[in-house]
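Please read the structure below before turning to the comments.
Residue numbering begins at 1 within each chain, and the chains themselves are lettered A, B, C and D in the order written.
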């Protein structure tokens, strides 16, 4: 069933919900899901509606034109999205296959609402997995001495496929600042620790050294600050002294896959609103 | 800060939210929390608002009178509650003290918004715990041969204290049907299993016999159907073959305390709406 | 690294561990993992050792011959397994692909220690997934009016591949009693509820009707009693009123995949000992 | 039932378990629980036995004398503990009562195997809670300008009560280095975050600022490095954008209570072995 998703954030103000609701009701919107949140400390309001498209009396273009008046009045950041217009997603990987395989299966079985348009990797051995799913595979080597040309190529591929979202599915190269800024809010990473613990390299080995009793994973937007972008989703699992660093690596994969899949789904269904360095997630 | 809580459920209909929002905005309600849910299968709508009382231009009485018109139009079940009017709560217990002690401490430290007005127990040994907290203690024995007089006494005590809510904090007697019906939606029980598994007596021993790898607890409203009332909250915890039935009893107490405390808090803050045999919980 | 796994259960008795330890030490066994459990209620003892094979001075055959003397003395059920002799595993599926895809990827990436020798399914549409992994696919239809010939064919295929273990990865047909008995302790099922809740058909819909706040999955050995065999592993996840039965189906898949993968790994690494209708799992 | 607990750690070596098992069997020890762990990276072995005391043919003194020979041979760190000799525990608190109340109730109801001999606090308002439990209360103010005299008084009180273990139940003063060293392995703290995230002051507010989707608690031994001592137990719970820092403080209390109670129980039952900056916990 086609739906429109109206996503709004703006300064909090009395009458806001009333006017938006009136607007929707006037045009006979049948609302299938409605979420509201006020951040009282920031004085900021967040709202998401799902509307049964066939109930709505305006076209998407008319909606945009008419709603813009309201949006201006309340200084809204807003977007309305047609759920049938799926996002183009590029997935990037390195050696580890578990996150890529998991995303591809979820997509293939219809769980993830998107078009996976390409896989980019800095190793060549996941090619067959991508191709079996009918997805073009771009092998882009990242030589240690100079990675900028590789990132330029990545950037070109992203543009070529008109990617809306890029998913770093255990891609182990650090995105350059310029690309982070250019794609702000559109690049999703899975980090293999419960951030802010164990940012940076080899988090499971850091966890092993520290002797923690939990490991975890964090799905977040990529920013120029390494592993410090807005968090979408996290998960942890219990470990014990009997787990070696290698055991943690193995066990943690389930955390990583699940946190990434949930986080990406929230993003693709327009359930995430970024505000400063945090997210509102209407799950 | 005093708040009004407006809780509504009714047949789903376009325009409903618009009219309620307009009504609230017209009277300058500053909404601190808003939750909506549509049960599409049942065609039923649920809504809860928290309103900063000092922002609102109507008295509670005026609100009720004016809102009633709207409520009639949409065939609403509804209530508006002044958060400063705390509910009277009677807690009932048997031998086990962990749930009672936990609730009393949460109440004493200000975490639970209510007046605990009395403790009723079918054993006498928790008296001092209640009395240290300044709460009257009623010891009501339940002779095996005829329990009705005991329940009549319980019923009288509940009435005497004008209890809004009764909490069965591991009270091990089965409420008679008549009392269940009379107090429908106002009696909260904690059952020491993840229902519907292991309803009835000795759930941990049932769990031990079955060899499950998880134990749990369920906070639910009491109905005439034993352990089958609407569920408010559940929790589970991992166990293993090394846990005896006694270990499960000990470990499970933490599940019980936490599930009961969360469930009761939702109830006291008017976050729970019962619909048929299920609940909507706006947590 | 090749390991021997010595798995023992027997009546509990003083001196047992001492004699087994002495035996192992005399032959210079370097023990990489040792687990003990006494079920005091049953008076039964369980023990599992992993031994670095290259440290051990006896061949597997010599070990078996010499250990048999000790085993007789203590009336042990026992086995010693060479970790390099991987089990043959047949996976059975129906329409749903998530468990099969998950197992195949874990196997393909080396996480699961076994040979997946065949996939059997009562639908034909997972054929390509199996074949991409280089695994023979047997499509065996199960006509409603008479399923015994289909089960006979399944039984033949299992024998043809010399399967040690059969995994029912959301295979939706009920195994006949005879096959259950013949393969006791060797058939692993994933049931999509936290058993004993919601045994039988459509557990998520049962869960939706009951209004539980948790869903789950149970990995267990198949016995002639439907969904009542010894439990290996369980997991739960939190849901809310906003989840439809379809949402539960989708979310629950992650529980199913993870519980099945963990349970199967325990089984393949000889970490599970069945005793009556329960399991000891040395994880 | 009285038990002896034999706790050993030493360099890993073949024959170790055999000799210990032989020793125990020779003296007819009925072993109720046995746990082994080898840290292969460190080449270190850990072992804990619970022995039914009435089965054992040696007195505790004789045991110690005879076992010492074995212990020397294998360069063991070891202790044997009579479970009927309960540890003396001093609990320290500040303003927050939830951890203290929780520990006192668990102790009072027999769940925690110890003698709580005194409560020390740098505020006076938890006095009645301690005294209702029959426990002496020492109010020791900590003036900002010079805290050493206060710590000297604390140290004296600990000695006066012959405390084996000190529990910092949300005690908000930093132990001086000298006291940390003097009481190494005997002071247990609960920190209100999933360490190493959010060490130091106001962890929930740090968590709120970072926008994490999980909060947690860590029970650990106190060392001179603030919040960096060996971790015994951790727990996390899910939060969302709708939780304010104050909500996190409230919700996190349940994590804190449960992690502290579990960690302390492990410690009191001699289930924890510290090795360098990590713990082995035989739970």
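Definition applied: a contact is a pair of C-beta atoms (placed from the backbone, for glycine too) under 8 Å apart; a residue touches a chain by one contact, two chains touch by 3 or more.
Remember, predicted model here, so these are calculated numbers, not experimental data.
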{"item": "Between the pairs A-D and C-D, the one where more C-beta pairs touch", "value": "A-D"}
{"item": "Greatest separation from subunit C - chain, by CA centre", "value": "B"}
{"item": "Chain centre separation in whole Å, for subunit D relative to subunit C (CA means)", "value": "37"}
{"item": "Subunit A-subunit D separation of Cα centroids, rounded to whole Å", "value": "41"}
{"item": "Residues within subunit B bordering two or more other chains", "value": "33, 40, 242"}
{"item": "Category of the chain touch graph - line, ring, star, complete, other", "value": "complete"}
{"item": "Residues of subunit D that touch subunit C when the two form their complex", "value": "14-15, 17-19, 21-22, 24-26, 28-36, 38, 40, 55, 238"}
{"item": "Parts of subunit B lying in touch with subunit C, wherever the complex brings them together", "value": "37, 39-41, 46, 194-198, 210-214, 216, 230-236, 240-242, 244, 277-281, 283"}
{"item": "Parts of subunit A lying in touch with subunit C, wherever the complex brings them together", "value": "33, 97-98, 101-102, 105, 109, 111, 132, 242, 250, 253-254, 258, 261"}
